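Pasting a structure below so you can have a look.
Think of it as A, B and C in the order they're written, each chain with its own count starting at 1.
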Amino acid sequence: MSDAPILEASGLHLRFGSVAALDEVALRVWPGEVVAILGESGSGKTSLLRVLSGTVAPDAGEVFYRDAAGVLVPVHVAGEAALRRLARTEWGFVHQNPRDGLRLGVSAGGNVGERLMAVGARHYGGIRAAAAEWLRRVEIDPARMDDLPRDFSGGMQQRLQIARTLVTRPRLVFMDEPTGGLDVSVQARLLDLIRALVADLGLAVLLVTHDIAVARLLAHRLVVMRRGRVVEHGLTDRVLDDPQHEYTQLLVSSVLAA
Amino acid sequence: MAYVAVKGGERAIGNAHAWLDEARRGDPALPALSVRQIEEQMSLAVDRVMAEGACYDRPLAALAIKQARGDLIEAAFLLRAYRTTLPRFGASTPLDTGAMRVRRRVSATYKDLPGGQVLGPTFDYTHRLLDFALAADEDMPRPPMPEAQADSAVAPRVTGLLAQEGLMAAEPASDAEPGDLTREPLEIPADRPLRLQALARGDEGFLLGLGYSTQRGYGNAHPFVGELRMGEVAVEIAPPELGFAVEIGDIVVTECQMVNQFAGSRNEPPQFTRGYGLVFGQGERKAMAVALVDRALRARELGEEVGAPAQDEEFVLYHCDNVEATGFVEHLKLPHYVDFQSELEKLRAIRAAAATDARREAAE
Amino acid sequence: MSAAPEVASGGTLAGYNFAYLDEDTKRMIRRALLKAVAVPGHQVPFGSREMPLPYGWGTGGIQVTASVIGPDDTLKVIDQGADDTTNAVSIRRFFARVAGVATTERTADATVIQTRHRIPETPLREGQILVYQVPMPEPLFRLEPRVAETRRLHALGDYGLMHVKLYEDIARRGEVEISYNYPVMVNGRYLMSPSPIPAFDNPKMDRMPALQLFGAGREKRIYAVPPYTSVRSLDFEDHPFRPGRADASCALCGSRETYLDEVVTDDRGGRRFLCSDTDYCAERRADR
């Protein structure tokens, strides 16, 4: 891991009416690091992901992204054009619902190829070959390349979304409950796959989850959120094996009980 | 050669126009309709053409109807094409519909109210039985009409009464010059003055269907006709060289104010909101439809869920103009044989390639 | 382009300005045209007027022509490549009435050519203006109908949607299924609809010496390709753009290079092919 953070946020505040979604939140992510934002629903974890990725502007605070050239990009000042460029080059998004991350009326190959074409690929054969390779990597039979994802199972759709996201080798990937809507057996397979790919590619990942097992399996570091505040953060094993904050203790124990 | 027929040319056009003129006139043994007759006896058609043609001129609208053989969209188009060539001297000051000389005024929200309910010339309570007496060309003697009771008594607007009680959301006042759809292209998002302009010119049938859809759950409307009024209002202009407004004439308009529920938001208590419709002439159905659609289009600004067609600003505003719509739909009958030829060749090529593939696979 | 006079010149329709539009409107349209020329391929919104012809009949092209034409110009009007199609005749007659300009059917003699769906076969030269009638200026409209969204995509140069469409066509059918109105990239920046000309005509747009102006009346957009500007049809390196035409020769002039109309001659499959560009065909026959 290099010594300059790839993403750096400080002093984040966001209110929805009388509810504080984010209250003085700060966060850093280093290259190649997987950080999980852990919390129950309503804890502000999804708001944090949206603010960090530039989708929602905070009421106060700043977010900086250090791009591949080492330039510090102020995420909420850079403008829509710069963010869209990042979104199709250095960033990736994996949504909980694959419908939000895929074009269901476009073939699996087209879904993977779109990001390549968006960064200038113009060789049809080359795009096909890359798409086939990535379908293999996410354990989808390349023979299904010309099929529509709406005919795929939920797990396959999610794996396709991951292939589509990773094909252009982003540096930072935002994942929102990537295994959320899936059966337990399907989840395990997907988690293994994500873990292997993230390690292979050396990606930085910001992962939002309510599931401690998912966090333990994937994340190097944990950020525990409650009512818009970060109540605890640290290395995953340390936080889960020796939780300091009573809320984290409660979270961990409820998992053990279950 | 047969194909020459499709390349018409000047003479074909001339012949078509002559035929059209003959068809318009109908049986020459019958007396021709006068423009004055249309103006007087087809007055609601005249009103509709003025509204959709966006030009208040009864004799010209009647002429357009005569020339268009009663095709009201064609007539509105004739009027628009004429209107666009007219010099623009200025804009009127806002009409004061509160000072309207009311011919008809009904409220569905109050049994009685200052100014009273005035039925006026309405079909509302007619029994829809064909009146064969009208089939006679000669006028039947008519009983004398009682002197109208609709006097010049003040008829305050219902929405104003509600506002006094704080129950009607206030409309933000603005001195900003409203945009002009006839001069500048529509930009989305459009502000309310532009939306209302587009709706006032919009096609009655299209808006009627959209308004209807909001009542059937596509947009979740809870409308009451706060007030519907029709009558004459004065038009005033304030020439800059005079420094004060002068009256230049009267026009008949129909105004509808729909009162709608609003759940309130974080910053506002629950209250009523307004849907507004104003059209030239007597055009009650259209004014009501406009008021429903206007309110539906305010969903975003009021923080309501946006999902129904009538709430979709771009969809409504880009498709409500019948002169635009009829042009683009009807242009499909113009020759497209160059495009079609390229489609033919493409289809043949793809089918030939597929057949070759199939043969190769069979051989393998 | 010669300047239009401020007053109606002799021989034009009484009660109307030269070339129908009032001078203020023409100035407004010329400003839009200048902007369009300065930003090749970018759609400039303009205050399109209601014309005495219906939307869809060429109101955009007519307004552009009316704004650039002067009394010394010579106008040619074609529809489907032909000077004698009814709508071409009607528009030519309109300008003869309201502007009193000379008209011609010869491509080489025209200074302004208004067209619907074709580019003439005779190469155009510097100083000529080609005015296209455009029904739908937005090249992305079949993929994204929302005007507000397509304007954003253009601003960001985000044309992934269109590339995916081409990819999907090839994956499914082996080739791009667009045969007319084939999308082009102008000056390496803006994706543009060439209007519904056959893809066969697309290569003529690239580095054309003449000025190309596009008018969409109903959609209220103007755009332009200045002379000698790059116009590339979208494609893939290994699936290059291939303009198509009927594999036949003209029954009248024998041409094997021109774009052909197919004419059905009987109900037993009989057909013949003729040049769509009637002026070009007539000249080839005259030269023989």
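Here, a residue touches a chain if its C-beta (ideal position, glycine included) is under 8 Å from a C-beta of that chain, and two chains touch if they have at least 3 such contacts.
Treat the numbers as computed from the prediction; the structure is a model and nothing was measured.
Asker: Could you classify the connectivity of these chains, where an edge means two chains touch, as line, ring, star, complete or other?
Answerer: line
Asker: Tell me, please, which chain's centre (mean of its C-alpha atoms) is farthest from the centre of subunit C?
Answerer: With centres defined by C-alpha atoms, farthest from subunit C sits A.
Asker: Just curious, how far off is subunit C from subunit A if you go by their C-alpha centres, in Å?
Answerer: About 47 Å separates the centre of subunit A from that of subunit C.
Asker: How many Å are there between the centre of subunit B and the centre of subunit C, using C-alpha atoms for each centre?
Answerer: Roughly 33 Å, centre to centre.
Asker: Could you put a whole-Å number on the gap between the CA centroids of subunit A and subunit B?
Answerer: Computed from C-alpha means, the inter-chain centre distance equals 50 Å.
Asker: Spell out the part of subunit A that touches subunit C in their complex, as residue ranges.
Answerer: Spelled out, the residues of subunit A in touch with subunit C are 80-81, 84-85, 88, 103, 106-107, 109-110, 113-115, 117-118, 122-128, 145-146.
Asker: Sort out for me which residues of subunit C touch subunit A in the complex.
Answerer: 152, 155-156, 158, 160, 163-164, 167-168, 170-172, 235-239
Asker: In the complex of these two chains, what residues of subunit B are touching subunit C?
Answerer: For this pair, the touching residues of subunit B are 2-3, 7-10, 12-13, 77, 80-81, 83-85, 87, 182-189, 314, 318, 323-324, 326-332, 334-339, 341-346, 349-350, 353-354, 357.
Asker: Considering the complex alone, what residue numbers of subunit C touch subunit B?
Answerer: Those in contact with subunit B are residues 16, 20, 22, 45-52, 54-57, 59, 79-82, 84-87, 89-90, 93, 116-118, 135, 146-148, 173-175, 177, 179-181, 196-200, 218, 220-221, 244-246, 259-263, 265, 274, 276.
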